[in-house]
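In what follows, subunit A forms one complex with subunit B and a second complex with subunit C.
Presenting the complex of A and B:
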C-alpha cells in the first residue's frame, strides 16, 4: 500500500466530514480528510452553536425532532467538554398565540422530548434576562455546543486512530475509471503542490459546496443555499437558550455560548456563487436587533461584538429536482445506486446536532461497500477531552489550586488540558487575555490540531474571539506561529488577513464601543507596530 | 437601519477597550505575580464569571482597592468596584477570625477604650505581636494605632451648647479613627472651623462607614451600617447642614461605595458629604479668613491618598496647605503607600505592602520634610512606621498654624 492510498477519502472538514472520518477510522479504515481551507469554515462554524433538543422541529418535522433528541442525549455523554447543558425555554409573548403551546408540547412529547410547561414567574427566575412580559414558558433540554471544538475533537480522534488530515487542500478533480471513482486530484493552496490520492470510496461531505464536488464527479446534487445571519453580543446575557414558542421564524433564538450570546437567524435564498462570501446586510442587523429585544430586552443596550452569516446546506429532495420540498433531514446518497457512479457517496443536509448520526449513516454505507463488518462505536466512546466530568474536577486533578486561566483551559480542552501541564512557566503566559488562552494551549493547537494561521488558531482556541477582537492577542499568537513555521514574512500577511476578517464582523455593527475598540486596534497595529 | 444609541453594562465593564493602562498603574501588579491585574480581574474576568461563577479567581483578594485603575481608566470602567463586587457576589471562603477582628474597627474601639493603656502597652510588645502573627496571621512588623482612653464623641457632646452658639453650623462624620484612636484630629477640626465662625455638631448617631467590612467579606454587615448612616446623614442634610469629614476613605465609601457595592441609595446625602479640607479651602477662597500665626514655619510634603485621588479632591488639601503662611510645600508624586486599610496588616500582604510603598518612602526621604501631610489615617500608620517621618492630617497642620484664641 502506497502512502497516497487509503480505504476512504472524505472531502470536507466540516463537522460531517470530521465526524465521518472519525467513525471510519474507529472502524479500522485508513482515512484521509481534505478541505480547501480549514475545519469548520462553512455552516459548521457559522450557526448559533445550539445543540437542539429537537423542540424547534417538533411540530413541523417530527422525524428530525426525534433524531435531535436522541443525538442530543448521546452528545452530552460523548462530547461533554464541547457542550453546556443549560436547557432552553420556549416563551410565549403577548403577541403570540398561547394555544400554540399545547400543540408544541404535545408534538415534543410525541417526539420523545421532555417539555415542561412552567409558570412564567418561574421562567423569569430561572432566566432573569427573559422578556418579563411573557405569558407562557416551556422548559426543554436544549444545550449550547462549541462547533469548532467539536469538529477539532473529531478530527483529533480520527488522527489518533491513524487518520490523515490535509487542510488547505482543494479538490481539483475526481479520478474516475469508467463508472468507478478511484480517487481525487488535489492542489495544496499553501505549497502549490498538486497531489493525487487514491481510495475505493470517496465521501462528499462538502456541505453547500457538495454540489460543485458532485459536478466534478459527474453527478448531480441540487443544493438550495439559504443564508442565515446572526449577531454576537459581547457577554452572556442569558444562561438558558431562549426560543419563541411559535412557528419557526426569523431571529427567534438566543443562545448562550462560552463567554458570549448569539441571536439569530435570518433566512434568505442566495445563489450558489455567493456562498463563499456572504455579508450581513443592514436590514438583517435591524431585524436581528428588533426581534432579539423581544426575547431579552437587555439586548437593546448590550454591546454587539460581531455580525456574521452562514449558509445552510439544504438539499432538494431526491425525487424533486425543482426544490419545492426542501428537506432539513439527513440526505445520504449512494451514487452507485442513484447515478451508476461506483465509489461515491454524498452525505449532506442534516444539522450540527445530528452530525454523529450522519457520520454513522455514511460510514455504515462505506463499510457495506468495503465489506467491513464492524459496529459503530461513536455513540458510546467519548471524544478526546470528554472522558471525565466537569472542568473543575479535571483541573483539580492536574493542579492543586487551579488558576482561573487553568480552569478556563480545562473547560475548553477537557481532559486534554493535562498536556498543558509543563515545567516551563512561559507556557502559562496568556496570549489572549479576553478568553484566557495561554501560550501552552496555542502551541498545542499548532502541534496537534493542524493550525497554521491565526484564523485556524481562533477556531481551535478562541484566541481573538473576545471583546478586543485580536487587538492584543493577534501579534502575540503570530509570534508563536512565526516561530513554529520559521517564517516572519508570512505571519505579517497572516496578521493582516486576520484583522481584516475581524473587521469584517465588526463592520455591520460598527458603532459604540466596538467601533472605538476597532479604532484603537488600528492605532496599535498601524501606528505603533507599523503593520 | 436600527442601531444602538447607547449600550450599558454593570460597572461599565463593556466599555473596556483593553488598553491596559489600569494594569500599568496597578501598584499590586508591580510586586505580586499572583495577582492577575485589574483588567483581567475586572472586565475580562467579569465575562468569564457571567459564563460560570466557578471562574471566580480567589486571587482577587490581592486587590487593595486603591482605585487607581478607576482614576486612570479612559473609558470610565469602574474596575475596582467590579473586582470588589465580584468578591461580594462570588467569594465562598468565609472570612477568617482575623478578618472579623480587623474589620470591626468600631467594636474593637469600644472594647479597647476602657483599658486603652493596657491595650496600647500590649500591642507595643514584641511578644504580643509575635503571638498575633502566629495565631492570627497579623504581621509582627506592624505597629498598631494606639487607642485613646477618652472618645471624641463625648468631648464634643460636652461642648454642644458652646458649638451651637456659632452663626454657621456643620455636621461632622468623624469615623472610627477619630473617635477611638485619635480624638485630637477632631479637636483640631473644631478649632479651625470655630475660628471661621462655624460650629460643629455630631450626627444623631454615626456608625463605622463599613469599608473594612466590605473588603473583608462581610458586606451584609456593611450594608446595615450603610443604611444606618444614610439615615443619620439624611437627618443632618434635611436640616440644611453640610457634613464634613477628615478621612478620605470613609468619604469615598459613603459617597461612592454605598450605591455601587452595597446597593444603598445615598442620592439624598451624597453631594452634602465632603472632606473638611475642601469645605475650608472653598470657604477661604470665597473670602473667609483664618487667624494665621505669623511665626509658623514648616516644610511640608503632601501625599495624596489613593481614595483622595479617586475623589479628585487632593487638589483642595494641596491648595489649603499652600495658603498657610510659612509653609514650604512639596507635593509628592501620587503613588500608593501600600497600606490600604486592613490589607497591610495581613501577614500574606506585608511584604507586598512594603514593596508597593517603597517608591513613596524613597520620595519622602529625599524631600526630608518636617512633616508629611495626608488625609488618610492608614497611610499615616504606614508612612510613620516605614519612614519614621511624622504624618499629620492637613486639618491638624492648619490647627497648629492658627492662633489659639488669644492664648498665642
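Presenting the complex of A and C:
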C-alpha cells in the first residue's frame, strides 16, 4: 500500500469521527481522519457536557433513552478520566405539574434507567444549590463529560493503533469512478497543499456539515440544523446535574463541569449557511438566565463566563424531505443500498452520549463491506488515560505528595499524566493559573495531541478557559507554541484570533465582572503588549 | 476626622491631586484599595505630547526622572509605538531601527518576557539578534520556584544582585551595540537602571514584561512617599463604602476600616478608576458609578456597548461620569457642589485630556488648581 492509501477514510474530527476512527483502527484497519479545522469544533465541543442517563428522553423517545443508559454505563468504565459520576436530579417546581413525575419515573424504568423518587428535603441536602421551593425530585444516573478530552482520547488511541490524523484539511472533492467512491481530494489550510487520499470506504462523519459532503459525493442527506445556546458560569455552583421534570423545554438543564457549570439550551432552527457562524442573541441570554435561576437561584448572583451556541446535527428520517419527521436517533446510511453509490457511508444524528454506539454501527458496516471479521472491543477496552478509576490514585502513584496542579492535570489526562513526569521542575511552571495548566502539559499536547494553535490547546488542556479568559496565559502559551513550531509570525496571528474567539463568547454577557475583566484584557494587550 | 479634601482612589490621578494640594498647604487624605492602574503602567505617558513645567516638577520632586524625546518605544512583543514622554528607564528612539546588532537577555524558565517575539520584531527592522538565557538560580539563592517566576519576585532578587547581571552580560556581549533586558530592575531603588546602563558597554534597553509592571509599582511607591512626606494621609487597603450627601453637598464618606469615624471634608475628589478598578460598574441594564450614583454619559442600549471585533475600539471604554467643565458631577441632574471627578472614571467624556496616564495627570492638576484657587472663574482654567 502506498502512503496515501488507506482501508477507510473518516471525514470529521468530532466525537463521531474520532470514535469511528478508533473503532476501525482497533479492528486492524488502516485509517485516516481528516477535518477542515480542529477536533471537537462542531457540536461535539458546543453542548452541555452532559453524559445523559437517558431520563430526559424516556417519555418521548424510549429507544434513545435505552440507548443512552447502556452507553452511559459503558463509558463510565472505558472513559473514566473524561467523566464525573455525579448523578442528576429531575426536580419539580411549584409551577410544574407533579403528576408528570409518575409518567417520567415509569418511562425511565421501562427504558432500564434507575429513577428514584426522593424527598425534596433529601434533594436539597444532596444538592444545596437546587431551588429550595422544589416540590418533587427524582434521582437519576446522569454524569458530566468533558467532550474535548473524550474526543482527544479517541483520536490518540486511533493513532496508537496506527491511524493517521490530518487536521486543517478540507475535503474539496470525492474521487469517484462511476458509481464507486475511491477516495478524497483535500486542501491543507495551513500549508496550501492539495493532496489526494485513496480508500475503498469513505465515512462521512461531518455532523451538520455532512449535508455538504454528501452533496460533493453526489448523494442527498437532509440536515435540519437546530441552534442551541448555552451559558457558562464562572463557578461550579452545583455538584449534581439539575434537570426540570417536565416536557423538555428551554434552559432546563444545569450541568457541572470541571470548575464551571453550564445552563442550556435554547432551540431554534437555522439555515445551513449560518452553521459556521452562530451567535448568541441578547434575548437568548435573558431567557437562559431567567430559566436557569429557577433551577439554582444562586445563578442570579454568579458571574457568567461565556455565552456560546452549537448546532445539533438533526437529520430528517429517510423518505421525508419535508423534515417534519426529525429523528434524534442514530442515522447510519449505506449509500450503496440507498443511492447506488458504492464505498460511501454517512453516520450522523445521535448524540454525544451515544457516540461509541454510532462508531460501532459505522465500523460494523465498514468491516462488512471490506470483508473483515473482527468484533468491536470499544465497549470493554479503556481509552488511553482511563485505565484507572480515580485520578487521585493516579496522581498518588506518580507523585508522593501531588500538588493541586498535579492532581488537576491527572484529572484531565488520567494515567497519561505519567508522561508529564519530568526531572526538570521547570516543567511545572504554570502557564494558565486559572485552570492550573503547566508547561509540561502544554508541551505534551503540542507533541502528542496535534495542537497547532492556542485555540487547539484550549480544547486539549483548558488553557484560557478560566475566569480571566486568557489574559496572560495566551501569550505564555504562544511563546511555547512559537518555540515548538519555530514561527513567530504565525503566533502573532494566533494570539489575535484566540483573543477574538474569547471576546466572541464574552461580549454577549458583557457586564459586571466580565466587563471588568474585558477592560483589563484590552489594556494589557493593546497598551502594555501593543498587540 | 476632618480634612480639607478627601480623595477616593490612590492611583496616578488621586496621588497627583493629593501631592498638588498638599504642596498648596491643604490637609488631605487618600483612601486607596491597594492596587491600581499603575500596576500595569507601561512607563510611558502616551497622551502627553509635551510635558508642562508643572508635570515635570511633580515627578522630579518625587524622585522620578522623566525624559522627553518624541519618537517610538519598543513594545514587549517586538513592535513599536509612538511615544514622547516616558520614565527614564523606558528607551525612546527616533526610529524603529535603533541598532545594528542586539543581544537579548532573558531568564531561563521565565515565560512572561517574550525574547523570541522581540527578536523576530527587531529582525524585521533589519537588526541582527542573539538571545541568551541567564539562570536565576546561579545569581541568587534561594532559587525561585517555577511559579514564582513573575516580574515582581524577580525584581526583588534583582535589587540585590543586579550587578551580577551586569557582569554576566559583559561576558556574553560580543560585538552587539545594544542589549535588551527584561524590565525587572529598580523596584525599590530607582537608580539601578541607570547604574546598569553605566556598567554595560552598549546601549541598554529595558523591555516590558507581563504585568505587574516593575516601573509602575516603583512610580506608585515614589509618588505615595512624596505625598506622605508632604504630610498627606494615605489610607492603604481601605475602601470607601458609602457617602452622605445632603442636598447638593457631600457631607462625609464612610470607609470599611474606619467604621463609624466618618471622613469629613470641604471637598471630595473621586478618582476611583474605570471598570477594572471598580470606579464604574455595570449590570445587564445599566452602567453606573456605584458610590454616589452619579449621572453617567453612556449609551443605554447594551447592544451598543461593544464592538464584536476585539481589536476595534470598544464603546464601553468611553463611558464615564458626566461632569461640567470644572469636573463637577451631578446626581439626577442636580450638580454636586463639592465633588470633583478625575482620572479614568471619566472615560472619554473629556477627549481633549487624552486617556490613561495623560488623562489622570491633567484632570488631577486641573481639579487641584480649581480647589486651591476658589476665586478662579468657573469653567476657565489654565494648564
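Going forward, the second predicted complex is superposed on the first by the 531 of 531 C-alpha atoms of A that agree within 3 Å, B and C clash if a C-alpha of one lies under 4 Å from a C-alpha of the other, contacts with A are read in each partner's own complex, and residues count from 1 in each chain.
We adopt the following convention: a contact is a pair of C-beta atoms (placed from the backbone, for glycine too) under 8 Å apart; a residue touches a chain by one contact, two chains touch by 3 or more.
In this text, all values refer to a predicted model and were calculated from it rather than measured experimentally.
S.K.: Which partner does A:439 reach: the first (subunit B), the second (subunit C), both, or neither?
M.R.: In the superposition, A:439 touches subunit C alone.
S.K.: After superposition on the shared chain, which partner residues are touched by A:303: those of subunit B (first), subunit C (second), both, or neither?
M.R.: So A:303 only meets subunit B here.
S.K.: In the overlay, answer first, second, both or neither for which of subunit B and subunit C A:429 touches.
M.R.: So A:429 only meets subunit C here.
S.K.: Once the shared chain is lined up, is A:479 touching subunit B (first), subunit C (second), both, or neither of them?
M.R.: Touch partner of A:479: subunit C, not subunit B.
S.K.: Using the superposition on chain A described above, determine whether A:235 touches subunit B (first), subunit C (second), both, or neither.
M.R.: First partner only.
S.K.: Could you say whether A:496 touches subunit B, subunit C, both of them, or neither, answering first, second, both or neither?
M.R.: Touch status of A:496: second partner only.
S.K.: For A:520, using the defined touch cut-off, is the partner it touches subunit B, subunit C, both, or neither? Pick first, second, both or neither.
M.R.: both
S.K.: Classify the contacts of A:528 with the two partner chains as first (subunit B alone), second (subunit C alone), both, or neither.
M.R.: Touch status of A:528: second partner only.
S.K.: Looking at A:259, would you say it contacts subunit B, subunit C, both, or neither? Reply first, second, both or neither.
M.R.: Only subunit B is touched by A:259; subunit C is not.
S.K.: Which parts of subunit A are touched by subunit B and by subunit C alike?
M.R.: Dual-contact residues (subunit A): 282, 285-286, 430, 472, 511-512, 516-517, 520.
S.K.: Can you tell me which positions in subunit B touch subunit A when the two form their complex?
M.R.: Listed in rising order, the residues are 1-4, 6-9, 13-20, 36, 39-40, 43-48, 50-52, 54-59, 75.
S.K.: Where on subunit C does subunit A make contact in their complex?
M.R.: Interface residues on the subunit C side: 37, 40, 42, 46, 75-81, 108-109, 111-112, 114, 116-117, 119-120, 145-147, 149, 208, 210-211, 213, 274-276, 278, 281-284, 302-303, 305-306, 308-311, 314, 316-317, 356.
S.K.: Using the touch definition from the top, list the residues of subunit A that touch subunit C in their complex.
M.R.: Per the stated touch rule, the residues are 282, 285-286, 425-431, 439, 472, 475-476, 479-480, 482-483, 488-489, 491-492, 496, 499-500, 502-504, 507, 510-512, 515-520, 522-524, 527-531.
S.K.: Quick one: in the complex, what on subunit A touches subunit B?
M.R.: 234-236, 256, 258-259, 282-283, 285-286, 289-290, 300-304, 391-392, 401, 403-404, 407-408, 411, 430, 433-434, 436, 466-468, 471-472, 509, 511-513, 516-517, 520
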